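Just passing along the structure, written as structure tokens.
Each chain gets a letter, A, B, C and D, in the order it is written, and its residues are counted from 1.
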Amino acid sequence: MNIQRPEEECGVFGIFNHPEAANLTYLGLYALQHRGQESCGIVSSDGSALHAHKSMGLVADVFSNQEIFKNLPGRAAIGHVRYSTTGGSAIKNVQPIMVDYSRGSIAVAHNGNIVNAQMIKDELEAYGSIFQTTMDTEIIVHLLATSKASSLLDRLTDALGRIKGAYCLLLITETRMVAARDPHGFRPLCLGKLGESYVVASESCALDLIEAEFIREIEPGEVVFIDKNGITSNFPLKKVAPTPCIFEFVYFARPDSCIFGKNVYQVRKELGRQLAREYAIDADIVIPVPDSGVPAAMGYAEESGIRFELGLIRNHYVGRTFIEPQQSIRHFGVKIKLNPVREVLKDKRVVVIDDSIVRGTTSRKIVKMVRNAGAKEVHVRISSPPTSYPCYYGIDTPNRKELISSSHTVEEIRKYITADSLGYLSRDGLLNAVGTNNTDYCRACFSGDYPIEFPMLKPAPQLPLFDKELPE
Amino acid sequence: MNIQRPEEECGVFGIFNHPEAANLTYLGLYALQHRGQESCGIVSSDGSALHAHKSMGLVADVFSNQEIFKNLPGRAAIGHVRYSTTGGSAIKNVQPIMVDYSRGSIAVAHNGNIVNAQMIKDELEAYGSIFQTTMDTEIIVHLLATSKASSLLDRLTDALGRIKGAYCLLLITETRMVAARDPHGFRPLCLGKLGESYVVASESCALDLIEAEFIREIEPGEVVFIDKNGITSNFPLKKVAPTPCIFEFVYFARPDSCIFGKNVYQVRKELGRQLAREYAIDADIVIPVPDSGVPAAMGYAEESGIRFELGLIRNHYVGRTFIEPQQSIRHFGVKIKLNPVREVLKDKRVVVIDDSIVRGTTSRKIVKMVRNAGAKEVHVRISSPPTSYPCYYGIDTPNRKELISSSHTVEEIRKYITADSLGYLSRDGLLNAVGTNNTDYCRACFSGDYPIEFPMLKPAPQLPLFDKELPE
Amino acid sequence: MNIQRPEEECGVFGIFNHPEAANLTYLGLYALQHRGQESCGIVSSDGSALHAHKSMGLVADVFSNQEIFKNLPGRAAIGHVRYSTTGGSAIKNVQPIMVDYSRGSIAVAHNGNIVNAQMIKDELEAYGSIFQTTMDTEIIVHLLATSKASSLLDRLTDALGRIKGAYCLLLITETRMVAARDPHGFRPLCLGKLGESYVVASESCALDLIEAEFIREIEPGEVVFIDKNGITSNFPLKKVAPTPCIFEFVYFARPDSCIFGKNVYQVRKELGRQLAREYAIDADIVIPVPDSGVPAAMGYAEESGIRFELGLIRNHYVGRTFIEPQQSIRHFGVKIKLNPVREVLKDKRVVVIDDSIVRGTTSRKIVKMVRNAGAKEVHVRISSPPTSYPCYYGIDTPNRKELISSSHTVEEIRKYITADSLGYLSRDGLLNAVGTNNTDYCRACFSGDYPIEFPMLKPAPQLPLFDKELPE
Amino acid sequence: MNIQRPEEECGVFGIFNHPEAANLTYLGLYALQHRGQESCGIVSSDGSALHAHKSMGLVADVFSNQEIFKNLPGRAAIGHVRYSTTGGSAIKNVQPIMVDYSRGSIAVAHNGNIVNAQMIKDELEAYGSIFQTTMDTEIIVHLLATSKASSLLDRLTDALGRIKGAYCLLLITETRMVAARDPHGFRPLCLGKLGESYVVASESCALDLIEAEFIREIEPGEVVFIDKNGITSNFPLKKVAPTPCIFEFVYFARPDSCIFGKNVYQVRKELGRQLAREYAIDADIVIPVPDSGVPAAMGYAEESGIRFELGLIRNHYVGRTFIEPQQSIRHFGVKIKLNPVREVLKDKRVVVIDDSIVRGTTSRKIVKMVRNAGAKEVHVRISSPPTSYPCYYGIDTPNRKELISSSHTVEEIRKYITADSLGYLSRDGLLNAVGTNNTDYCRACFSGDYPIEFPMLKPAPQLPLFDKELPE
């Protein structure tokens, strides 16, 4: 079991008091698919029992026919999408997790990462608990079940009081739905209304799809109970200064969502504008690495006055895996997704905008691709600071393990990716562009300042994970 | 959760210390497929970790390619086949169950039924346990995990000391395999050897297939530990008078197996001979209801001197479901499986041998089928006494719920199934034919004398489950 | 394309004028599944258009839900089951074949083998025809399409006049169903009635299942037209002396079927009786190789007075493929299907009855298996003469290619299979047991006397296909 | 069979003389997936035989593992992607089509539509041909097979001389690959080189992916033979003035492709610029309907000086089908794909750019969506003239059947879609923007001037297909 590093990125959605709760949850998951493409599931409540359908696969494939919804009856439902790159991706780890315990049945969907999971697991096992999955979520359920408190709120308070880390939780019992967000408020979670139904979702784009009204965000540390009598808000945990994840703005959330009080698309454009202010360059065109780099590239172009062009076209039909020729010395990994438009790039001085550099290998391929298409100069601009530290709060960095910035200077990286110039947005510039509203954001991936410490962790995360050797 | 009535019939197989443990387990499950056709699974141990593959489906479909066995490495493995007719047949209930607990990983495969399961579950939940399946097996794992004893044998003794009912268990840890049989010894379990490897299986036919040598049966109340140092036998539980299930002989076990010290095929023939002695009739031919009625019919023919014929041919290609014509007034249920041979039956006085009558509807159709094919007389002989009481020890009677014998006299049943005469083997005749060897068999399904009482049960099982109305 | 040797064994079924034609065809195919387990299909006519559903797989798997039958509307349908061991088993070769031609749409299902197929194919291609499958059936459709005759009967007469070999054909157009049997009548085909509907099937067991009345067999050389005006019989082809396939009795047909005027089960028992007369032996028990050897063993036991026992138990759950252990020196091929009953065989002199010996390898394994189970003597009796010549008329002998009898004496075979004695039914004994009724049967597989010559064949079939070396 | 109206849009790819021909063809089809998402297939040649793999589904799903490519051996391969909205989408219609004929085996992949298909089919059937699919492609193969000419070029000349319409063909035999483009050159087809291998593809983006060099387009009327001796070019058909399809620029081709001598992305931007010149408006922002409207919106923004924004975000995870809530009065069809960004649109005067309007229902929903998100004014601009006439040359307009422009004025359409203003690019503006280079483009969908007449067609296509009633 991976104890501190999140294996997964997730999205959650729930609706209470709607005749087609499961079907609307399915639509909500559709809108959150970008938060996890590996598996998904829905648990519904018919008032006296819970019903589940979950499997590996995309939402469109797992919920492929109307019959499935007949087996998900009831006026309440929660759902989950999940992405994982590790061996932990087995069917047993698909959420929501559903169990029987002393108070009946309960199902839980979770987005985030518990940093003291292994410590709690060891303790629970010492007292006789058994674990059937490798998910943090199971720990939360055990804590709920072992609490001696008499009300669900008190049991939940007990449980949440034990865990440290990032979590947005959706729970469903026979008669209630509960939404909880950790005191730091790392991940987004919002509340909406559709007629008489309450809706909770990781991002507001899921409310939009089902035409639910956005009410407000679930606040850091808030536990919301929803039942037939309506909604009640609780703040049972010790208050701390919230530190929402700034990387949701940079990369993870959908541009049409509003999170942490701001529209993502507009923030990204502003990142691009700030980047232009910090790293101006004399060039002919600005092109994004699609799709995530598009808004920042538009902002850069507006601010700099350099023309915005689509110089790389993305193929959206690419599946999870594709089969490379055996004898090929080429690696098609990037080419299968991106193709340069020669006529746009030829003889141009090109500014390429991307949201971040992880290992550097993809950026290197993109620079070569743009140059081979005829660009005279290739200037790379990144709409966030160097990503030098892994995330422990719910952004999956298994494929971000070997962070080039953790061990290399900007000039070393520029050489590696073969760009004519390279500029990262400054940390201050990032904060200015996002705008603080008196909020302190978690910027641990850039700064190494982790808002929550790791109980069992050696100093490892402070150390560079990437040695000086670079892949060819 | 169904608490006393078994939802399932099962078979288990395990092998320790063989380079192709998983593949041989798969072959063993092939041989035990008749004990459960709905789902199956294998867990292997490579010495430091457990590996699982399990799914709904027949053994041939779930283990369909060599790749699967690459993911089941190691020199030890246990497997399970399962049949269930209830909603409990979901994927989550597929065995072996595999968990992490304080002492490492463990997987359990179980054949039987725990009669005090609900009581223990309630208690475990009261102390904070959560349940992710509806299987008795999960209760056993919880008891193992909550035991404070320091050795696995002591923990297992703790656990088995708590449960009442029928069980044949196979457990596997990183370094050991354990086989346990309940003190009453309801279900069969035998021990074999293949070179340096030990093998445990529900029936000896599974040893035969892999050419393992039959050593002996695991005894009632015995707990066998197998590890790199060899095999040790333990009897940690209070001794009781064994009561193996006599119905395994009548119907459930494979005829080529030896269980409880006897060959099943020969016992079945003897049941037929005894039946001939008790219910002789002047007739032209004796025919079995294939396949289970064949040996008894052969015995009946030998003893009576009436010619044995195949008057009903079985179609072995029938799948789990088939699609009936919508507007049909016929019910093809029996016809799709059995077809009469007119030329054999025409103008004959026919004795039809079957192993048991449950609801009576199938027997009724068979009698009509035989008569329509030209039989002058149809005499039905059943190679066991009337099945009037449900089983609580591991024979699935969900589809045997409405037992016609529980509420109707033999003459009433004869009329219902439209036979010219009907004879059931007597209870004494059954015992004589099986032969006692000082063994008392569980005959609860015939007599209502249950060897283990039901802690939470109202007098329900003594009551007829079938009202006087009979289906058309 | 394999030109003379049949790649396939098949079964056909059709029904005209029934509101659930497709569903009843599906049931009919269920009953004929033993004639082909690899692929199947149904084409229905709604009066103005044809509709098809076909795929690789068993009937139960290909027609797995009611939805499929909604896409097979109409009051007429034909179906096909097929077995093939060659590369020709691709999806494109699944029958019935359905095409558009100058007179509309037509679909054809075919059981048999056209011996001059390659010659006709070459000629058709020379005139511009294209072939999309490797099936004889496509040739028949081309001949129908290229005929200039104005009526379907005349076109069919043209087509059938060109082809030589064995065929039972079912054709369906928008408004008619046609059944045709070759003049030699190699394969069985029968006519039945279900209320106002006419039914045609390869074997009578398919009529039984849907409770249709058996009317008569389609005669050799007969072409039956069925349309809204009823049924008409035609004999458009030159008459020849019929030679139905005697091997259908020995092995291929279902025992509950009546073919060529006789019940298969009773014929097989008589083969056993005759075998006992020809090759008596002093022994303790007679056991069959199940399932096909059962009736002959019963006949042998009756005639000889030696007790009939089940000494080998068959596992009916075996799938098409199973995965052998990698390092095994054993070959589980036979063991996975058959298991000896030691208690029956121990210290006994055993007569083993099988229907035929092909390569001899299976018989060798069975003899060893019986002997290892404790038999003192093993006497093998075969209820047909030595199979020395391949079939060119619709019995698949790809896996019968290396016929041990074609190159070895009975004594050599006995030694190879390690039996204490070996006896084959004599050719005269076979004919006597079947009974001639003035019918001459095709016995080419035993005698090499082929009723139809091979236009393009060198003397090959007369030569032994098996050299003197025998596999270990 | 649909005789004049294309049921399908397609893409083709082929490569000759490469050790991993099938795998590279698969990559090429990946790049052409936008031309057909319903089914796909590859046929390879190993020099002496053809091998096929084809199925319904996306390229990533149909070619899901390396094993498949082991069954597609050889140094030459052709592939096909196909989209169809009609019942003709069955598995039997998946291309390439592969047949045996008098000269051996041949496989054909086809993009286009034969307008005299029915006439030729009737004639071929009259001479005895049978048809197993409903594809034009089968007609071409029949014509090849029935030609008496001795060389493949002559047979192909015969065949192509008979057919009228649009076609880009790829043929493969045991030893050759042939590419042919109709004399009008309706669809694009280009030639590339990868080391010693020749490559042919519908669009240049497929060459880019495999890093093949673009050589030139296959010319209208050109037939290219590729074999071990290299490449030969032939022009066997009567020359006509080419009329490439201008709609490929407007909508169908990928923006990174070069077709008909121009880069698609740049043409689309120019369409947007011209649109701005023709229909200027005082507005705050310009937004595209993504993805196809993006380049034109960028051009419009550049030319007009109005800011380009992303006001609609596209969800790329949407599957082919999704399940609507049963009781919903909303139709989620557009919302599931597009979500407005309120913060961008609020209180703005918005210009929405799309490439075309078919029925008007989608445009109507988009206008409402934008207005509901807070836009003060919504001005729709279409980067092509009104689509008033169906295409008969390979652009699928089954779902474009009810063309609103065929029966309604621009003002009527504006009212229907509830826009504040509506402007279509003029026909002259379209031509100017594309640039003629002395090429006459087929603009039949806008003008009704069809370059090829319809042999069997009544005046139907000139008539409006859309009545005055409009859907709500």
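Please note the rule applied: a residue touches a chain if its C-beta (ideal position, glycine included) is under 8 Å from a C-beta of that chain, and two chains touch if they have at least 3 such contacts.
Because the structure is a prediction, the values reported are computed rather than measured.
Chemist: So which chains count as neighbours of both chain A and chain B?
Modeler: Shared contacts of chain A and chain B: no chain.
Chemist: Just give me the whole-number Å value for how far the CA centre of chain A lies from that of chain C.
Modeler: 61
Chemist: Could you please state the distance in Å, as a whole number, between where the Cα atoms of chain B are centred and where those of chain C are centred?
Modeler: Centres of chain B and chain C (C-alpha means) sit 36 Å apart.
Chemist: Hey, what residues on chain C touch two or more of the other chains?
Modeler: Residues of chain C touching two or more partner chains: there are none.
Chemist: Taking touching chains as linked, do they make an open path (line), a single closed cycle (ring), a hub with spokes (star), an all-linked set (complete), or other?
Modeler: Per interface graph, the chains form a ring.
Chemist: Residue numbers of chain A touching chain B in their complex, please.
Modeler: Listed in rising order, the residues are 1, 91, 97-102, 121-122, 125-132, 141-142, 145-147.
Chemist: Can you check the complex and tell me which residues of chain B touch chain C?
Modeler: By the definition above, chain B touches chain C via 19-20, 23-24, 26-27, 30-31, 33-34, 37, 58-61, 63-66, 69, 205, 208-209, 211, 254-256, 258, 263, 265-266, 291, 294-295, 298, 302, 307-310, 313, 315-328, 330, 332, 335-336, 339-344.
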